[in-house]
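Both complexes below contain chain A, partnered by chain B and then by chain C.
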Partner chain A sequence: MLQDRTRHVLYLLLAAAIALPFFTGTVIPPTVGPEAKALYKAVEAVPNNKIVILSLEYEAGTLGENLPQTRALMNHLMKSGKRFAIMGFEPIGPVYGQIEADELAAKWHRPYGKYWVNWGYRTAYVQTLKAMAKDVAAAIRTDHRGVPLSKLPVMRGIHSPKDVGLVIDITPSTYYEAWMAFFTGPAKVKMAVAPTAVMVSDIFPYLDSGQMVGMLKGLAGAAQYEALVFGRTSRERGITWMTSVSMTHILIIALIILGNATEIITRRRKAVGGTA
Partner chain B sequence: MGAFITTPRHGIQLALFVLGSVLAFALAMAAMHALPTRYRRWITVLFTFVAGLFYLAEFVIPAGVGVPAGSSRATDNFLSKYLDPVGNASAIIFAVAVGMGILNLARVNGAPLLRGRPGWQNSLAFFAGLIAMTVVGLTRWHAMLGATTPAARRAVEAALVGRLYHLLFDGFYSNLGGTVFALLAFYIVSASYRAFRLRSREATLMMVTAFIVMLGNVPVGPTYLTGWIPEGHWFSFAKVEHVSDWIMSVPNMAAQRALIFGIMMGVIAMSLRVWLSLERGHFFGQED
Partner chain C sequence: MSDVWTTITVLAGAVSTLAIFSLLYRENPVYRFFEYLFIGLAAGYGLVLTWSDVLYTMWYIPVFQQGAWWWMLAFAAGLLYYTIYIRKLAWMSRLLIGTMMGLSAGAAFQQVATQYAPQIAASFRPLLPPTWLGVAVRGDSPNLTWQQLVNNWVVLAILVSVMAYFFFSFEHRSAVMRKTANLGRWMLMISFGAIFGQTVMARMALAVSRLWFLLVDQRGLAGPGG
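Here is the complex of A and B:
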């Protein structure tokens, strides 16, 4: 009964920690890490005659992290007028990408087909990537509505992998390994990844080896990227949501300290009781 | 034969070709079903082996082998030209597998619903979700195909089908999916209080490391905790984000490299077992 009550109190505290920043409207300015900075520079360095591929592999479960990452990157791409393509080896990712891009396209005046394109959901990722490594346009052929890519101005001059300036895999899974093995590796195309926070530790070997040029570390990475695009105190989605997450981290740290203090006190009491 | 299969078709020719392919597939499946288990197994083993062999051979055969000089890309061999059609065939098999999965789900959920077994409400929810999303999704998709201008697309979104789609997709699917995943946060908070205890030196080391990495990755650590240390100061190595970065890019990376190496060795062994059909319980094994 007592344990149940403790659990309920903890859940209430967590709900309050998450909700409070949304009501107070405060934001904690993020400090930009080297991985986000490197990705920002890599996007800036993509020449105008090349396209950036955003591979969106997430579903509803990880929207909290992957959607702000997508939004932050799209904001930068649209702000700087870079061409980009959305695609995914999971069916829902490109749908979310289309919704975000539609909204941002209206804000930045970047019409579909001229600045960006949705290549849609693709099955058989190994075979698709192998085919793309030979000829991107021939492997994809049409956009998500069945319009031939040759009719879209955004695809003008985009044929071989050499015309791809950067691949960014926004993902809660390990599709980035397939991208490296079958496309960016053989075709020598730059690659970056925006994983969920739990996956971050897996990516460091690829950053060190140079196989990846940058990374957005979960929601924190999205907030850092927004800080680079809009400034540290902006109230963009990633920065606002990250303030909430910061509060939960403080709560978790406080609970760990409290739990250990309780344990130490209980042990001492038992020891005193045992010797008495 | 290869050209017959891969030649692009349009209109009635395409419809007849698709119909013929479906019929051929159904006949092949019926014939497989009529065969004794051991023949079925050998046919499956043979197809698995040949499919695996194709990709292995295409990868390891040197460039230029079987290709007239100057007629193709420098990286191609005589198998490379089949990569696209084989890739397309794989995509079709994946799509068929999705269809089979839906059929299987319908079979598993159909019986409890029809017989009123315990949990029939869950099966009802499954069918309601499947039918509603399929009908509304396809109707909207069809309407969107005809909408070539942004104004026309906005009109589709504002129509009943568009609003229904957003209710199902944004209102139900996205929120339900996000909610299920977000429940993890409540378990983590509960676990942090109950299980994360200083019971040994190893546990203490792990906790201190977790503290630093956690604080280094959320804005509150670098901004408030060690934000007062100026960047470039001799003591700036102690900034929480720098200590966190060091932990992630030195000890963590060493461990990750070892893990990746071990996992990949396992993947190679496992792939070999699947390719050579040595895996226990593979292909009708349970029917023996």
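Here is the complex of A and C:
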């Protein structure tokens, strides 16, 4: 019973540590890593006659990381006026992307169809990517509402993979491997990935080999990217959320020290009691 | 009407979040109900989007509005999957399954080549400095810094030791092989530790996103919808 209460108190402390930065407005400025910097430069380098593809493969379970990554990248794309398309091989990813893009489009004045487009959810990822590697517009054909891509100004001049400046896979799974194998690799298109934190170790070899030009490492990566777009002390979503995560880390470290100290003191007392 | 609908959806989201969090107190029927609800919703969402984003735009419109009747053949081929439920016709489903497996196997070969070949090439790194005591050693890598050089040696040591750990073609009898494999095991453990740490961070990020929805988000309880 006492252990149960302790557990509940710990959960409450954790909730308080998370919520504190929400209300105080305090942020811990992130230190920007080379992977986020490289991705930022790659986005900046995309010429205006090319399109960026954001492949959103996540569902509700990884929103805490993938959504701030999406937001940070969309903010940069819209701020710099780059054209981009969202799509996904998981059903819900493009839906979340649409919600975020709608909100940011109003902020940056980047209307749908002119600066960005939603290609929607696509099945059969291998076949779709192989078809895209031959002709992007012919493989996709319509947006997520069935409007022919030829009617959307954002798709003007976008046909072959050469017209794609960069592919960014925002993902908690290994779809980035399929993108590399069937689209960016054969068509020689630049690629980056925004994975969940747990996947980061798997992706470093692709950065070393040059198959990827950059990476956003989970929520921390989103915060770093926002630091590049808005400044290190801005109160954007990723930076605020990462501050909360940092607070939980501080709490966990403090609790580990406290737990160990209590255990040591208890043992010493028992030892002293035993000898007396 | 839309405001009412927004309020209902936001409240449903909040109630669902709190119901899932109730597991932190203890296992309970409310948590179970919302867990199954979540799984059902995800499946239902997938089905609807498969129709609206894929079948409607890429099959229904071409066939029924643009006269591309030949796409009906894809529909007929797809139906072959369901012959698996009819014993006499089940062989027809295997035609399709076999074809799809053959296609997948071919794609897998291509994937191995395009995905891993560049990594094999990238694992061959310069291990000697450009110059040593003023004498040119490696003219092909003049810009190699000493940090990169150390990094390359670390990569080589880990690559060889981990490969040694997974090398089962002969028994690890010699001391050199045993120690190299042991080093490989340590390197793997350090790597798994880093992954575990990242996992904890990921779970915290998820908790942050839900509390944000409950306490701050203008599209959540704190906004006009709540």
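List of remarks:
By our rule, the second predicted complex is superposed on the first by the 257 of 276 C-alpha atoms of A that agree within 3 Å, B and C clash if a C-alpha of one lies under 4 Å from a C-alpha of the other, contacts with A are read in each partner's own complex, and residues count from 1 in each chain.
Methods note: a contact is a pair of C-beta atoms (placed from the backbone, for glycine too) under 8 Å apart; a residue touches a chain by one contact, two chains touch by 3 or more.
Worth saying up front: this structure is predicted, and the values here are computed from it rather than measured.
Under the clash rule set out above, the superposition-derived model of chain A with chain B and chain C contains a clash between the two partners.
Look at A:A38: by the touch rule set out above, it reaches neither chain B nor chain C. Once the two complexes are laid over each other on the shared chain, residue contacts for A:W241 go to chain C alone; chain B is not touched. When the two structures are aligned on the shared chain, A:A60 is found in touch with chain B and with chain C.
Contacts of A:G210 after superposition: chain C is touched, whereas chain B is not reached. Of the two partner chains placed by superposition, only chain C is touched by A:G120; chain B is not. Of the two partner chains, neither chain B nor chain C is touched by A:A137.
Of the two partner chains placed by the overlay, only chain C lies in contact with A:P94; chain B stays clear of it.
In the superposition on chain A, A:A19 contacts chain C only, with no contact to chain B. In the superposed model, A:G185 lies in contact with chain C only, and not with chain B. Of 43-51, 133-141, 259-267 or 277-285, the chain B stretch that intrudes into chain C once chain A is superposed is 43-51 (criterion: clashing C-alpha atoms). Where the contact sets of chain A with chain B and with chain C meet, they give residues 11, 14, 18, 59-64, 95, 122-123, 126-127, 130, 145-146, 186, 197, 200-201, 205, 208, 218, 220, 245, 248-249, 252. If you check the complex, the residues on chain A that touch chain B are 6-7, 10-11, 13-14, 18, 28-31, 33-34, 59-64, 95, 111-112, 122-124, 126-128, 130-131, 134, 138-139, 145-146, 186, 197, 200-202, 204-205, 207-208, 217-218, 220, 223, 242-243, 245-246, 248-253, 255-256, 258-260, 263-264. If you check the complex, the residues on chain B that touch chain A are 55, 73, 75, 80, 83-84, 86-88, 90-91, 93-95, 144-145, 150, 169, 173-178, 180-182, 185-186, 188-190, 192-194, 196-198, 207, 211, 214-215, 217-220, 222-224, 227, 241, 245, 248-249, 252-253, 256-257, 260.
Residues 4, 8, 11, 14-15, 18-19, 22, 59-65, 67, 91-92, 94-95, 103, 120-123, 126-127, 130, 141-142, 144-146, 177-178, 180-182, 185-186, 196-198, 200-201, 205-206, 208-211, 218-220, 241, 244-245, 248-249, 252 of chain A are the ones that touch chain C when the two sit in their complex. Only residues 24-26, 38, 42, 45-46, 49-50, 52-54, 56-58, 61, 103-104, 107, 110-111, 114-115, 118-119, 121-122, 191, 194-195, 198-202, 204-212, 215-216, 219 of chain C touch chain A when the two sit together in their complex.
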